[in-house]
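The next block holds one structure in the form of structure tokens; read it before the comments.
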Amino acid sequence: MTSVPLTTRRRRVTFPPPVVFALVLVPFLIEAIGVFWPAVQGISLSFLHWNGFGPATTVGFDNYTSLATDDVFIGALKNTAIWIVLFGGISFIAGLGVAVLFQAERRGVGIYRTALFLPIVFSLVVTSLIWSAFFQPNGVLDAILDGVGLSSWKHVWLGDPSTALYAVIVAALWREIGYVMVLFIAGLKAIDPSVTEAAKMDGASAWQRFWLVTFPQLRNVNLVIVSVLVIDSLRSFDIVYAMTAGGPFHSTELLSTYMFSEAFQTRALGYASAIAVVIFVLAIAVIISYLVRAISDEKES
Amino acid sequence: MTATTQTRIGATARPERLSPPRRRKSRRRSFATVAFHTSSSLISLVWFAPILLVLVTSFRTFDDVSRNGIASAPSTFTLQTYFDAWVHGELFRALVNSMIVTVPTVVLTLLLSAAAAFGLSRYRIPFRRTILLVMLAGNLLPVQMILIPITRIAQQLNIFDTLGAVIAVQTAFGLGFYTFVLYGFMRTIPVELQDAASLDGAGPVRTFLQVILPLTRPALAALGALSFTWIFNDLLWSITLINTDSRLPMTAAVLSLKGQYVSSWSVIAAATVIAAIPSVIVFLFFQKSFIGGLALGSVK
Amino acid sequence: MTHRSHRGLTALAIAAALTTILAGCVATGGSGAVAPPKKDAPGAAILQSRFSDELKGGMPELIAAFNAKGKGKVTLNTIPTETYRQQLPTFLTAKNPPDTYTWFAGEATRAFANQNLLLNISDVWDKNMTKFPSALKALSKNDKGQEVFVPTNYYWWGMYYRKSEFAKLGVTPPKTWDEFITLSKTIKSKGVTPISIGLSDNPWLASAWFDYLDVRINGGKFHLDLLAGKHQFDDPKVKLVFEKLKEVLPYFSKSALGVSYNQSMSDLAQGKAAMYLCGAFISGAVPKDVKGDLGFFQFPIIDPSVPVVEEAPADGFIASAGTTRPNLTKRFLAFAASTEGQEILMKAQGDAALAANPDVHITLGPLAQQGKEMLESAAQVTQFFNRDAGDALQPTADAALTQFFSQPQNVDAILATWQKAAAKARAGS
């Protein structure tokens, strides 16, 4: 990529001035010390059996081979995949939808945007409590179902392994969509309105204008948001932990919650680190493959 | 409200105000406005309902909640919960701690990552994409993986149990993502602007501070609001790195109200409402800056 | 392209090499047995407490009384309960650890003690705590026979109910398992859920049922040996426990797995459910006017030939082996064990705990009196599943028991999975 032929008008053939290197290097070094260095130590923990306070034994790749035969881990892997698709996918679509709806500065949008953004600022301790009250037997959801004459749909939402995961996803979506909306609005604001106006003049319908003009211009934002959603999906932890703690019997266990319970309840820090490495590798794989494709698309165009 | 909207539409459409097709169009537009507000209000209401439940719960007594359950209709009203939360949760002290951590972290992170994004997006630094991806990769790490190593390092550096340690870790951990986002935004800024600045004799630092940063304002505003929320609401780092109660931030203080076996959910709800206020104010404030995005559009 | 992937591979190889080298240098060792200094460092000793609720477990009053004596100063540092449990190893292995900690007896304490992380306080026991019951003394020792724990109080578990609701239903507390089944049947026939439990956010509550059924059927020795890893969870004797549990499953609220602890308590308070197997802390979880209406009965006897065992979890203090103020810390622990110190703590606990010091004489409420008599008549006491087996095993029990609530027909598979998970948890930490 350093050998891209220089186009006509670009004049920075020479090396950038040293001060620019400093601008890049200082943040990079801070991240290296604060994140990469501990991360390498974290990886090295995955080759140990260690409880955090006793002596540690080196076990080579033992933790990784045990993962392969651990049913809970495999279940968590499946749940995480479901989580990425549903939580990530719905957040993206719904976030984009409300962003388009609320992008224009008009009367009242401030209130609407705030309502959607608010869930992020509420403490998780209470968020999980509220959603538990929503899903509990004869709770808010069941009351609504009774009200609209769908009493037969009533269910022990959080207690049934076949519905618990989806119930938690609903709660997680409630927190995520407003956040995705904010990112999309920031992206939409940066789009040149004259192009859309021109398309309007040419008689393009609103739908066409969106898909053919606006959406392609959101490519950079999409890049960011897809990355964010994958990261958030793989890291989603607190809401699951607070609502079901991975239960009933591991049916809502995600890689992140399983890792946490292995680290801080079972105190198998080595095993937990091995799960963390798997999460990391998955995130890298998804993001890098997406980024590489997005960046090569960009080169072509 | 509809009246004002109509006047505004009327004002812009004054010349052909009386021609029949135009009037039909304006009627269709006011119908669209009503449809917009109806659907938007519905969405907002659905979104707001759980928060309403928090608010309602925060005004109920412990006995009411524990007798009837949280999903029941309230039969009591009290302000005592807010008093209890404020006093027993020592929320003022916690609020100060949270601010001491949040404000410097947000400023520092945004400034550092904007600098990195500037260098990477506007100059042909060798391996710039690799550097960007590596920095982003740092954000893909599961936080829990580095909790224990970070604790050890903080203890070795003698900064364990200080707010400074939280600021340092939060800054380092945020950099990758913010740089990645700002890189994307800065690339869309036309190169001519920078050329003009350098023709005026401005060095990279001046170009960065006087040309690029102001143009990145909408992105900085959005990121600023988000990072404030994240850092203010972070629990994991503060409870990992701080172990003196007088230094714990807001989120940990709210958690403190949860007992080992017994918790008063109405007091916790009250504390949650108090804890949410700073983030809401910041969001409302930064929201105005999104409009700054229009400035960017006009430049093009 | 090829050029680039080569570079990537090289980078990977370097990273891998670095990682392997670094694996050797992460500080993972437990701190060896360091003899505490003879003389105290200046300054106050820190008491690390997990009681973050309003009353703070009576710790502020205890400390104020100690500080007033002029024998040194102790300061209180309160950490949210959940955080406290996650972070205790970090506290104990820190370079300058806090001096003393609220904690509980059993495996949870032994695990730290056996890594030489806890201060040996045998001299405090020998000098100040000679009258403490021998059962509590045994519970406070590490594997070398040194005392490392100061018990302050303990509490009981029982089958709680509302007296007025029982009167309304026209039923009386049962003594035996058969009477209990009949009682449950009667209650159910009157449209009330016989047994309440909330497992959606607190699955560990189900372990109370496991513990009690196991000690009633197989006795205390088998139970403790099982939890210590000397028997397997797929043992036929464990299956007997699950078969007994199956007999009462129809009387639990059908939505037990989907209900939160709070909601399950509300159900009891509202009379929607009749009974709740719970610890003495239940009295703080119900409205004030219901509190006086609460009664409890002993977990029903299943096999009269099995000596009666009760759960009696003990709470108290441990101290760090790395303390720089061992003498001050011991003076404080001696005070916490004294009648004066324990009376202060008991006041803060209300009617939900019993003092560990037998010389403490305060008027007990009716429930505490009943609890005390029940525990005194027991042949043996246990702590609780996680306190006896160690926290590492609690998630395995939660998974097994909740799955059994939902799929009782799969008992064999459930027990096999439990055994596998327990073995893995024991090996991995």
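Letters A, B and C mark the chains as written, and numbering starts fresh at 1 in each.
Note that in this section contacts are C-beta pairs under 8 Å (C-beta built on N, C-alpha and C of every residue); 3 or more make two chains touch, one makes a residue touch a chain.
Keep in mind it's a predicted model, so treat the numbers as computed, not measured.
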Query raised in the report: Chain contact graph: line, ring, star, complete or other?
Result: complete
Query raised in the report: Hey, which chain is the most central one here, using CA centres?
Result: A
Query - subunit A and subunit B: spacing of chain centres that average the CA atoms, whole Å - result: 16
Report summary line: CA centroids of subunit A and subunit C: separation to the nearest Å works out as 36
Query - subunit B and subunit C, separation of their C-alpha mean positions in angstrom - result: 39
Query raised in the report: Got the subunit C residues that touch at least 2 other chains?
Result: 26, 86, 90, 262-263
Query raised in the report: Of all the residues in subunit B, which ones touch at least 2 other chains?
Result: 69-71, 149, 152, 255, 258, 265
Query - In subunit A, residues with contacts to at least two other chains - result: 1, 41, 43, 45, 52, 129, 133, 136, 139, 269
Query raised in the report: Across the complex, what residues on subunit B touch subunit A?
Result: 1, 4-5, 36-37, 39-41, 43-45, 47-48, 50-51, 53-54, 57, 69-71, 112-113, 115-116, 118-120, 123-129, 131, 133, 135-150, 152-153, 168-169, 171-173, 175-177, 179-181, 184-185, 187-188, 191, 203-205, 208, 218-219, 221-222, 225-226, 229, 232-233, 235, 251, 254-255, 258, 265, 268-269, 271-272, 275-276, 279-280, 283-284, 287, 290-294, 296-297, 300
Query raised in the report: Which of the residues in subunit A end up touching subunit C in this complex?
Result: 1, 40-41, 43-45, 47-56, 58, 63, 66, 70-72, 128-129, 132-133, 135-137, 139, 156-161, 164, 242-245, 247-250, 261-262, 264-271
Query - Partner subunit C, residues of subunit B touching it in the complex - result: 62-71, 84, 88, 149, 151-152, 155-156, 160, 239-240, 243-245, 252, 255-265
**Report entry** Interfacial residue positions of subunit A with respect to subunit B in the complex
**Finding:** 1-2, 10, 12, 16-17, 19-21, 23-24, 26-28, 30-31, 33-39, 41-43, 45, 52, 98, 101-102, 105-127, 129-131, 133-134, 136, 138-140, 143, 174, 178-179, 182-183, 185-186, 188-194, 220-221, 223-224, 227-228, 231, 234-235, 237-238, 256, 259-260, 263, 269, 272-273, 276-277, 279-280, 283-284, 287-288, 291, 295
Query - Contacting residues of subunit C [partner subunit A, same complex] - result: 4, 15, 18-20, 22-23, 26, 28-30, 85-86, 89-90, 92-93, 111-112, 114-115, 117, 199-201, 203, 253-260, 262-263, 391-392, 394-395, 398-400, 402-403, 405-406, 417, 421, 424-425, 427-429
